[in-house]
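What follows is a pair of complexes built around chain A, which joins chain B in one and chain C in the other.
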Partner chain A sequence: MSHVEPPSEHPGDGRVARGANMPHFARLFAIWLLGTAIVEPVLYFLVWPHIPPGTMTDAARGAQFDALVLTMMASPVVIAVLEYFVYAMVVWHQKKGEPPEDGPPIWGHVGIQAGWIGITSAIVMGAFVFGTYELINTAGSGGGEGPSPIWTPAETNDMLTVQVIGQQWLWTYRYPQFGGFETPELILPNHTKIAFHVTSLDVIHDFWAYQLGVKADANPNVDNVAFATTNETGRFTVRCDELCGIWHGAMYNYGYIVSPTTFYKWATSTEKKLSPLTKILPKFAWTYNPSANGAGGGYYPASDAFYQVYKYEYGTSGKEGNLPAVHVKPSGWKPSQAGSHHVRER
Partner chain B sequence: MAATTMELGAGATGYRPTATRLAHPWLSLNVITAFLGAAAGYGIGHWIGNYIASNYAVVQNTGQNNVAVVLALFFGVLGFVAGIGGLNYPILKIFGRQPEERAPVQDWTKYFRFSTDHKVVGKQYLVGVIGMFFIGGLFAMAIRTELTNPNTHFFAPDIYLQIVSEHGTIMMMMATSLVVGPLGNFLVPLMIGSRRMAFPRLEAISFWIFLCGLMVILTALPLGGFDTGWTGYAPLQTEAAPGMDAYLVGFGTIGTGMILNGFNQIVTIVNYRAPGMRWSRLPIFVWSMLATSFLLTLATPVLFVAGWFGVLDRTAQTAFYVNTHGGSSYLWENLFWFFGHPEVYIMAIPGFGLVGEMLPVFTRKPLFAYRVGAAGMFGVALLSFFVWQHHLFVSGINPDMRPVFMLTTELISIPTGFIYLIGMGTLWRARIRFTVPMMFCLAMYFNFLIGGITGVYNSDVPVDVTIHGSFFVMAHFHYTIMGGLLFAFFGAVYYYTPLFTGKMLNNTLAKIHFWWMFIAFNFTFFPLFIVGFLGMPRRVFEYAPRLQVLNDWASASAYLLGMSFLVFAVNFVWSVWVDPRPAPANPWQSLGLEWQLPAYKMPWYNFERLPIILSDPYHYGEREALPVAHLQGVLALAGAGAGGGLAPVGAVGPGPGPETAPPGGQADGEDQRR
Partner chain C sequence: MKAPDGHWVHSTQWVLPAHTRVNMTIYEYDGGTPLRNPVWGRVSGVYGNSYTLNGTKKVQLLESTSTKTQVAHTFTVPAMGINVPLYAVPSSKLCPAAPCTLKEPHETIQFSFYTGHPGQYRWQCFIPCGLSYLDGNGGPMDTLGYMDGFLKVI
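Coming up: the complex of A and B.
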């Protein structure tokens, strides 16, 4: 056993015979192996399907798989540490009735220390590499990527653009490919790539479509983009996840994923129904300025200065509707386009 | 202090200054004059604010405006500090007079005065942080009460948010000083063999400013509270009610105390080590204080500046955080978390240090891999400055920053793992004594394991998209701060109370407290991981009815958790004041320097002659090992065997024995008696 401290500092170093440690190591390893062998299959076969947020979108499915991998990486560590502490408490405590004595003066062990650092570093780097791969592979994992996302779905032609507008204390949604109508209902077509453009009219909100695995802060004057591809029909919850004032707790509603044809019917009829209102709404834009005095709760498209910056960044002005690839042309969306792409399965 | 020359020339008779007696104890400055000063300052500040900015009234014809509130709080703090006597020295210096150097007051009123005795300040901090913890805990009980039902409400939504915000802010303020304040100030000079902290006046003022911070944050309630939570995100901060001013000024106030305390600790540890106290012999707790103090000193100014910007936005109508006028709501988020993430390690590292200090005593073994432990603390401290944007993974920040911050955040678990390495190595083939402090140490390792592992989930962006801002995060940091720091703190309170007071706490009540707190804590917060994963955001007063069972379970457990602290309070009051049982000189048979001397009856200058440090304090199981320090003659009182620190020190007879030379060359060239 080698010692980290210089020997002169520690006289009477009670070296433990090499053989004396082996039974403890062997027992600890056997228990750990058994525990891990039981827990890992349970996690993989029984727990995985139930891990939130489910499989409604590819982003949710990715988050679910990632949580599984992290849990399967963490479980052996947790088992090892807990097992060790319990073992130490049971085996190495001062026995009743025995005269109190000190333990062996073990100051360190270079091999154990180096091994510990090596193993923890390997686990951490593994978690990082895997997390980054998942983040890129699922086009940002449903998280808000800001106005210029760098990880986007490979094919964006059939993508549906939904603008999410947060305000105290309500979510509304605009569908630019359907004339830019605005509604408090969030309806999405199945088997479709969705680009959520999240913005706010007042304070910071956080758009959390729980079952979709989508979360993006709604900042005033910021277009925060998140992507997800729908996989299943059904209802999902939308909550505000950033404290936004007194009714923050009540700022939630539900959205639905429906079949593409149902969605198309709903969108076109709603567009028609709301067209008188859409006319008096501010023109569709990626962000809006709240009205200067707040009276009437109105809001207006962002200033020209914003479009100047936008033009500088993208070489085209958002005003003309001629948008960069990730900002899908707000010029019509047909159900026939949906479902044509490969839905990632695991 | 003027004592410096005497310290250097301690010579054969040792350093034994006479104690001070005040001619008019009730006419001198104390906590009552401090409150009078605070009231006067508040009134003056409010009047000035209304005079210069009455046209900015928040509510028409109420006379209430942000300028008046900010100035009232600022002058109130100033008045309090002046009233306690914290400004006497600088004011006299400004007017060209040399202030009279006096030893601290020695009678019981010293606890209510501006005391430059580090042991008094430590006790003041101890009462202060525990009081603050109880106030914050009452708000927690109110939060859990509201969440017993998904849609029937005990509080109006604005009252609920005030409660949530006060709870978070008070607890965060308390936790930053929970260990550095009481235990750092009390123990560090004793552990390194110093007569005092480097800057005793800064030390004293840091406590009274800390207390002001608590009072300022509580003034938010009559002002209408603030509804932003403890994070105070910006557009909401700018539009919030005047209670927000109390939040900003309160954080600025307590931040000042944190900076002063941290700075003082660094200078003390670097410069005031006794002869022979090499870096390699420094107790691991002192290492943790050093690492924490660097964070306090370097991170807190960022919060101070961020808060100052917020105050300017709300009073002088600047636009640091207003998007439409050239500012950015991201600016606050970045500044706040640039402070905020080092801050969570300000709340973790002291716990590591305390556990590292107690484990060798109760395993009867040297601390395993001491250097790795110290390196781990500094590794955590250094990395903590590079992780702050993991709070902003979904906020729309530059998206390619996310892998970088995912990496730095996950890297920090490597040095944190060192703390487990030293703990597990120390347990190897140990002779564990299951005392109450040891049980708290083991519980800390259990809780922090859960808190740390769930932190990896938070750092992983794809998983964080689901759990960001949810109860999962809330449960995670309660596991690390309450499960880690607070358990270590209570272990240390049971461990060090004999040193603080000379009294033993009742062991049966202590064991009841431990098991009650440990079980109730895990019952409260473990279900909240699940609640968060199932989709419940933080800080909401309404939630999905399917989550009610888990929430009710957490609420019931939270009440039990709250009650467990009553056991501690009863135990402490009973064992220290009502039915005191004198403690043995070294009840835990520790080898630490602080335990070799009866700190509770040591004079304010601790040592007549400085101890000569001979070894590190972890030589358990080594019969031939040197004692931790050469102590003969360091303490006149110890030889006299009686008297106690309350008596005038000058009256006690000469110390025992002549000063003997240190054996060997242990102190060669290391005379650090400055």
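Coming up: the complex of A and C.
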């Protein structure tokens, strides 16, 4: 690290000469401070609400907050870099007609070196600590989610379980608390914690419910878990985010968050409407083993389905876990289970 | 596909008028298997959520879990909610070599659907019928002009 002593004056340039009365560092710092003081509130008050993926779920809101924090951490650095870049071009550029001038000698400066290392280390460590906390907090990715969750959410009694099944090239969804019907429609109740169990019948897909802040790989024979609590009614987009064949780009659909009452009506009526189909579906399981004979052949609960159910009902330690055993003892899901806010509409 | 001039054309990309009822007849010559995902056995998105098989039998749900009833392909347009599972011809009666004529054993599937708004709608078969390919999803399943195409609604 080095300390640059810029030329103190440039004869014939009044602007630089005036600047020579004020140390460059102090001027740069003042400009930086002003820029940061303007940009940070703008980010917080004006930009934050518009940062994707939005606020439809707590997971989305968390992703939005994380993006805000990281942006606010990064913006002073970006401002400093851009400011120095512009400042150098304006103040230290070679003047027309003047011969090329060598730069000033560079000298080591312990204070600047220590400050540089200290500040950059603090920024990186801050990002590390914040990122780790956010990954673990509220069952985030790598903590309470994934095929082998380390933690499980505290409140699971009112959780709605939705199984997401990827197949070339469409998503279908099973609702085990409503008889296990399967449909290409994804309808969710508002103000409800949702447990997405994502799997695949063929190749690797990736379930990306963009506005919900949920993204989970759909692997055959893997039950990949992701959680989200719905906050707002509205439409969201579901895409496949893993290149999976010719119709990968068309493997998307729209889901809807509706009021719990509307959801319950839809779920019960769909359960009734699809009951003849549900009877011929394979028994609900966390994963399925499609026949590998190359052409069709039915899909069946995976051979380790019992283990999968056991694991989630009782936890990997063998003790009763927090996840609801909705598949083993279907109890149905009622609007009242969506919490005290279930009558609130937006 | 039978063109308006009466000739048969090898194409899976069709132009259809918007907001129009389309009467469709599919001649199905292939053998089949049980469904990988039985959800594709349900007829949906067409008038009456059913089709007519060989001019007589009304079909709403095709249970293919038994070896007696097998499905060759589906005609599925996800964006329109259309899914029509096609009965398979028994393997002992398959037409020996393509192109097959209407005198050869086949199943005739008739149904109607409504085109709705203009747009480009993909259709595909949801029975992994690419024999010898990984999970049956390669080959004809992965090639435009065979088991997938577009409905261009104008």
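The rule is simple: the second predicted complex is superposed on the first by the 279 of 346 C-alpha atoms of A that agree within 3 Å, B and C clash if a C-alpha of one lies under 4 Å from a C-alpha of the other, contacts with A are read in each partner's own complex, and residues count from 1 in each chain.
Following the convention adopted for this analysis, a residue touches a chain if its C-beta (ideal position, glycine included) is under 8 Å from a C-beta of that chain, and two chains touch if they have at least 3 such contacts.
This one's a predicted model, so the numbers in the text were calculated from it and none came from an experiment.
Partners chain B and chain C, brought together by superposition on chain A, fit side by side with no clash.
By the document's definition of touching, neither partner reaches A:Q177: not chain B, not chain C. Ranked by how many residues of chain A each touches, chain B and chain C are led by B. Look at A:G131: by the touch rule set out above, it reaches chain B but stays clear of chain C.
In the superposed model, A:Q167 makes contact with chain C only, not with chain B. When the shared chain is aligned, chain B comes close enough to touch A:I117, but chain C does not.
Of the two partner chains placed by the overlay, only chain B lies in contact with A:A88; chain C stays clear of it. When the two structures are aligned on the shared chain, A:G146 is found in touch with chain B, with no touch to chain C.
In the superposition on chain A, A:L201 contacts chain C only, with no contact to chain B. Of the two partner chains, neither chain B nor chain C is touched by A:T229. In the superposed model, A:P282 makes contact with chain C only, not with chain B. Superposition on the common chain A brings chain B within a closest Cα-Cα distance of 5 Å of chain C. Shared contact residues of chain A with chain B and chain C: 202-203, 245-247, 250, 290. Interface residues of chain B facing chain A in the complex, by the touch rule stated above, are 157-158, 160-161, 227-229, 231, 233-236, 239, 280, 323-324, 329-330, 363-366, 368-372, 392-400, 402-403, 406-407, 410-411, 413-414, 417-418, 420-421, 424-425, 427-434, 442, 445-446, 449, 453, 456-457, 459-466, 468-470, 533-535, 537-544, 615-616, 619-625. Contacts from chain C toward chain A in the complex involve residues 32-39, 41-42, 60-61, 63-65, 71, 78, 81, 122, 124, 126-137, 141-144, 148.
Taken together, the chain A residues at the contact with chain C in this complex read 165, 167-170, 172, 182-184, 201-203, 245-247, 250, 253, 274, 276-277, 280-282, 290-299.
Per the touch definition, chain A reaches chain B in the complex via residues 4-5, 9-14, 16, 21, 24, 52-53, 59-60, 62-63, 66-67, 70, 74, 77-78, 81-82, 84-85, 88-89, 92-94, 100-109, 112-113, 116-117, 120-121, 124, 127-128, 131-132, 134-135, 138, 140-151, 198, 202-204, 206, 208, 210, 213-217, 219-222, 224, 226, 237, 239-250, 252, 289-290.
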